[in-house]
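In what comes next, chain A is part of two complexes: it sits with chain B in the first one and with chain C in the second one.
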Partner chain A sequence: MSNSNNMPKRHMGLRTANTVSNVLIYILLVVICIVWLIPFIFILLQSFRVESTCQVGYVIPHTWGLKNYVNLLYSESSGLFGTAFSKWYLNTFIIALCTAVIQTVIVLCMSYALSRFRFKMRKALMQFMLILGFFPGMLTMIILYRVLKDLGLTQANAVPGLILVYVASSGMGYYVSKGFFDTIPKSLDEAARIDGATRAQVLWRIILPLAKPIVIYTVLTAFMAPWGDYVFASYISMGSTAGKNVAVGLYEWLSQDQIMNNYTMFCAGGVLVAIPVTVLFMCLQKYYVEGVTGGAVKG
Partner chain B sequence: MYKKRITPALIKLVLGIIAAVLAVLFIITTVASVKAGYSALKPALWGGMLLIAAIVLLAVGSSQLVRARQFNRMVEESGVTVKEEKRATIGDFFKKIFDGIKRFFLSIGNEFKDIITTFINGDWKTKLSYLVMGFGCLARGQILRGILFLLFEIVFIGYMIFQGGYWLSMLPSLGKVGQHKEWVNVGGISVEKMLPGDNSFKILLYGVLTMFFIIAFIYTWRQNVKQNRIAEEIIRSGKKLKSGKSDLRSLVDDQFHKTLLALPLTGILIFTVMPIVFMVLVAFTGYDGAHNGIANLFHWEGLKHFQELLSWSNGSNTYSATFGEILTWTLIWAVFATFSNYFLGMLVAMAINKKGIKLKKVWRTILVMTIAIPQFISLLYVSKMFAKNGLINLFLIDHGIIKLGQELPFWEDPTWARITVILINIWIGIPYLMLIATGILMNIPADLYESAKIDGANSWQQYKKITLPYMLFITGPYLLTSFIGNMNNFNVIYLLTGGGPTNPAASTAAGNAGYTDLLITWLYKITMGEEAKYYMASVIGIMVFVVVGIIALVVYNLLPSVKNEEDFQ
Partner chain C sequence: MASVKLTNVKKIYGSNDGTRNADQVVAVKDFNLEIKDKEFVVFVGPSGCGKSTTLRMIAGLEDISEGTVEIDGEVVNDLQPKDRNIAMVFQNYALYPHMTVYDNIAFSLRLQKLPEDVIFNKVTNAAEILGITDYLMRKPRALSGGQRQRVAIGRAMVRDSKVFLMDEPLSNLDAKLRNQMRAEIILLRQKLDTTFIYVTHDQTEAMTLGDRIVIMKDGYIMQVGTPTEVFEMPENLFVAEFIGAPKMNIMHTQLTREGGKYFVSPFGAKIEVDGIKGDMLAKAGAGTGEVILGVRPEHIALADAAAPNTIPVTLEVNEMMGSELHLHVYTEDGTRLIVRVPTMDLSTERRESLVQGTKLNITFSGKVMHFFDPESEKNLLT
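And now, the complex of A and B:
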């Protein structure tokens, strides 16, 4: 943040010093970008390697091919899209889609109520949820698993069970969007109320159109989270192949006894998972950045 | 606004008490462990942590003391009431707790007073409502409210008779008869059959549920009484009572927040609050894989498991010894993970933001893109890259830099593993921190830097006096949440190392704990392990809560006053 090239020239060395520091920064940035991108480039390259399926000491494949991708999506016994990976992919996609929709509704309800209404237990409620967040969420898994199992929502039927678990407590993540609602002037609400609109109409007709960025941010984060969740998914789909999500499925491919055969398949699977999520993310990047910076400033 | 003068004596007193308590704890623990004949290592560890805590408290407290004195002197010299932004002290914090307790008991007393006076002053409709909920509402024409109250009472009584009573009565014992074999007469022939017994798990679960239901009933009953009082007052003043229609209308208007909050709060209640209450209770029982409540019942066991976790006198490869180690590593990890990301992320953001650097958008986009790729892919890939037979080691062997059998022990050596985990976490975290820091850095008023430059400050001085304080001030709460987040950072640890390398001493006795295990991954391993000691997982979960809670409380009370949320509206 030192903008020294605007400084009054006090001595001759200043310009050169500035150039040197800029060059150093460029070198730093290039190094950073290389370090940050290398693993992803490696995954991409290795997903096209067909001469062996285990880990090797080189990156650029000796023989290129699409065998890994074909194996992911097609097998002779089960046909196209009948493989385990296709099933996991579909599971994760369904979970992500449902979670995104329901979670957004819940988070928006919660944050709007906490931002706009001054009811009796409001402060206490917020403090209570803060304290509740200190408990490791994983602890609840033990009981939720048994309850869901009684309801028949585990193992092969893990998808609805997982959606329920992800969505049910999502109201606790209201901070970022409440911070956003807080910045919309209250005078807008009051003007509409004087014109005879109910509170519900105010939310629907006036606030929501203004809240587009935060709606997109909420949908985006809610959609992305299930792709990477390992803990709950592994617990609830325990022992079943059909109920896994991609994270759990691919994790097992890298276990001691499977890695020799499945390493390059893992890379290909990783690429297939990363592409849609990354593309979506890059398209909506602007909203994500807004949400993250706004949320961090508010705390 | 702060008009009262801060009393240094109060701060001193509180600090003195805390220090004394910590010192006494240290002495007791040392003596107890020496008596038990255990090596000096563990008490030294604990004592060290207590001492550090005491030093931090004293340092913070004394700075508060200096501030208080300066402030008071200023007040005396100027002779006017100075308004200063309120800064909470530790003294305030204890006072707040004390006030809270006082207010709680006072409000309970008031409730009782209100219930009794309403009964004495009320008419016969009100009096009958104490028994038949909603009667007053029905009699006064508020049909909708009356029916809801009455319905709730009927459901509650029905539930308690047919279900709740049983669960509550079983709660103290958690079941008497387990699954058992019995000779049953089937069509004249005696057959030995397995009969289901009580189910401890269900008893505990529905017991908790019933308790919640009872609390809800008491609350509703109280509302019912209150409604009667309000209705009487309205009638006395000659106004009309609200109709059911206007009640419904207010749910989308004045009372819209109730509609909005109903679904989210129900979800939180059922899927977070109740499980947490249940799991806290499990810590006091013997619920594990073998005693799952069906085949073998489990029972209340009191504080036994807390003792098992917290007393270090019973050897070096137990839960208690492992707990100390893992807690220490969890705290070390959280400190490194949080601050390394914070400062390096800030550095990268400043580098990109520097005037004269071109392609700002490109640099940022490349880093942001790495956020988009699901973490488990990058973490798993990097984990295997550093493995013994992974890309890096194989590459080095292929090029003759190291020999086969001399692979770099990234995940095999405890120290290597811990450092590698922290480094990879930097790789994961910097893009995110870069984003946050960029947003804040751009908001720092440029004239601050201009005037600093005129005064001849160099870049480092500008950073130290302007950028850093500004960043710390704004991101204070964020730092706290990210510290807590890192303490519970399951994904990074579990997907990278799986907690390993395994700690041979603790491997069998204490849930396969490894050298990079955090409390949270340890908890996961315990529940997934063969013994599945759920009660131990539960105790550890409570410990996580306690540690996080203490850190959060202290930090929150020392942060500059949390911004007034109304300021923005």
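And now, the complex of A and C:
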């Protein structure tokens, strides 16, 4: 007791000031959180509204139910998972999964090569790819469409076509992982090679375990981009229902003639789309943050 | 266990590695050396002399620009490191951070697809020799520098390789640990009984470890010889100054011949080149003229009084090293010399009188002199 009385006053003052600024910061963060979450909560609530399928002037549903979700996945004519939405969902999932796998392999091999090998035109190649990356991908859309059409990979066959499009330029996304690989000492490679490892074994058994955050970052970004893509997917699958991905399909439900019947189903579809990504993020977020900052700071 | 032979080996950076051609750097020039089976050879030299590059060319981590490297009679220029059957210890240990000590040591054995029980025996055996049995399940980051280096050595040991390469393995350790590990490497060498190539910039390590020492400078071999040879008969001024600590004193002086005897006259003193060195000068047919005279600090003695064969100097710094004193002195014309005196040789009063500014007289015998040509810097007697 006497001890605390003897303490200089400004200590208490400092603590109070800290508390006040903390409280203010938390209030601000909570407000930002709420603002940011409102659209998501809105969609979630609408997806459980079963009394009508059109837009309404209130937020909380009068009648709750899972009808919208059931309608998405089941119809009497086509059975369970036979609906258009199921097809789109599957399309998107196949595209995103294939892209994630192939793109990760390409990006990691590319980054390893650029980080570890010294070859002629290496610098020029890196600069060239950097400059190429400045051009928006949309610029290539028309020629891409022509090429894919000639290959028969548009409309109903849009799934392999889209995988090809997403994967094609993935080597150019080497910056982050190359930066991370650069921070792993070269002598580890050398030690492993002397221990009897081939270059591939060095990458697989030494570098990748050490670069786990960046591998996960690469997988996540490679999965996310096609999962939510609209522009390329709509263009390449144009005129076919079977070739659409989920973003394109859902967007069509918002058109003038469909919105009355499909609005709440659209919301339910949005929730279903968010689920895999959310789960993926929740499982991997620890590594994801590490990966982003790890590569950025050290790279 | 194998011999290693390097023939006209050259390393040119910037020729074929994708960097600009304009700044080609020749790191190793015309390197010729034969290393016998089970020999311990040390490459030593200042940084940038090409010693590590040479070692890495033997290991296969650097391309060989010209010449050939043979291991056990087989040219290995185009073999990958994994096919050369070598083991290497790196300066920064290069332990795999995500693996335990056990897995680190077992890594190469697992790549060879040996059965787990053989691996277990080999790893525990190596760990026992190196005294790291208690740490086998730890990750490298939980180890001290000395323990890490032991793991690195263990990893190299279990490979039963033909040649054991070590690239400055002790440089990252503190001085005390370095001395201890140096002794352990000598013991290890006796146990492994294989060919060792060891790179260091530390001449003490080179002298204590090597059967033969290869002294390098700017990509050239300056001398190859046993520690005694390079210490007693340095082929040139560079080796003379590089080997030995503190380094050899260098004096520009005149060599004169009077009545069959040779004399040098550093800083006004006149000292006869007597004994074996005088005979060798006569045998080499040396004439009168300018020479570079080299005398090791331990061969200079303090004289009691000024005499024709003494050099008057002033004491600048007195370093008490324990068993000996290092006296940094300068002559009348400002040349700095180092004198190494055993502490036991001086009385306490004499020792205490050696303070900055004290006037001293130093001398040395003809037997311990080294003579170098002022132009070519080559030893006149080799």
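The rule is simple: the second predicted complex is superposed on the first by the 267 of 299 C-alpha atoms of A that agree within 3 Å, B and C clash if a C-alpha of one lies under 4 Å from a C-alpha of the other, contacts with A are read in each partner's own complex, and residues count from 1 in each chain.
The rule we apply is simple: a residue touches a chain if its C-beta (ideal position, glycine included) is under 8 Å from a C-beta of that chain, and two chains touch if they have at least 3 such contacts.
A quick note: this is a predicted structure, and the numbers were derived from the prediction, not measured.
By the touch criterion defined above, A:Tyr112 reaches chain B but does not reach chain C. Within the superposed three-chain model, A:Leu188 lies in touch with chain C and out of touch with chain B [touch as defined at top]. Judged by the touch definition given at the top, the superposed model places A:Met121 against chain C, while chain B stays out of reach. Counting residues of chain A touched by each partner, chain B versus chain C, the larger count belongs to B.
When the two structures are aligned on the shared chain, A:Leu210 is found in touch with chain C, with no touch to chain B.
In the superposition on chain A, contact is made by A:Thr198 with both chain B and chain C.
Of the two partner chains placed by the overlay, neither chain B nor chain C lies in contact with A:Trp64. By the document's definition of touching, neither partner reaches A:Phe81: not chain B, not chain C. Overlap of the chain B and chain C interfaces on chain A comprises residues 119, 185, 198, 201.
Across the interface of their complex, chain A is touched by residues 201, 205, 249, 252-254, 256-257, 259-261, 263-265, 267-268, 270-273, 275-276, 278-279, 282, 348, 350-357, 363, 365-378, 380-385, 387, 389-391, 393-399, 427, 430-432, 435-436, 438-441, 444, 449, 453, 459, 462-463, 467, 474-478, 481, 484, 488, 490-491, 494-495, 519-520, 523-524, 527-528, 534, 537-538, 541, 544-545, 548-549, 552, 562, 565, 568-569 of chain B. Those residues of chain A lying in contact with chain B across their complex are 1-7, 18, 22, 25-26, 28-29, 32-33, 35-37, 39-40, 42-43, 55-59, 106-107, 109-110, 112-113, 116-117, 119, 129, 131-132, 134-144, 146-147, 164-165, 167-172, 182-183, 185-186, 198-201, 203, 224, 227-228, 230-231, 235, 247, 250-251, 254, 259, 263, 266-267, 270, 273-274, 277-278, 281-282, 285, 288-289, 292-294, 296-299.
Residues of chain C that touch chain A in their complex: 17-19, 59-61, 80-82, 86-88, 90-92, 94-98, 107-108, 111-112, 155, 159. Of all residues in chain A, those touching chain C in their complex are 118-123, 185, 187-188, 190-198, 201, 205-206, 209-210.
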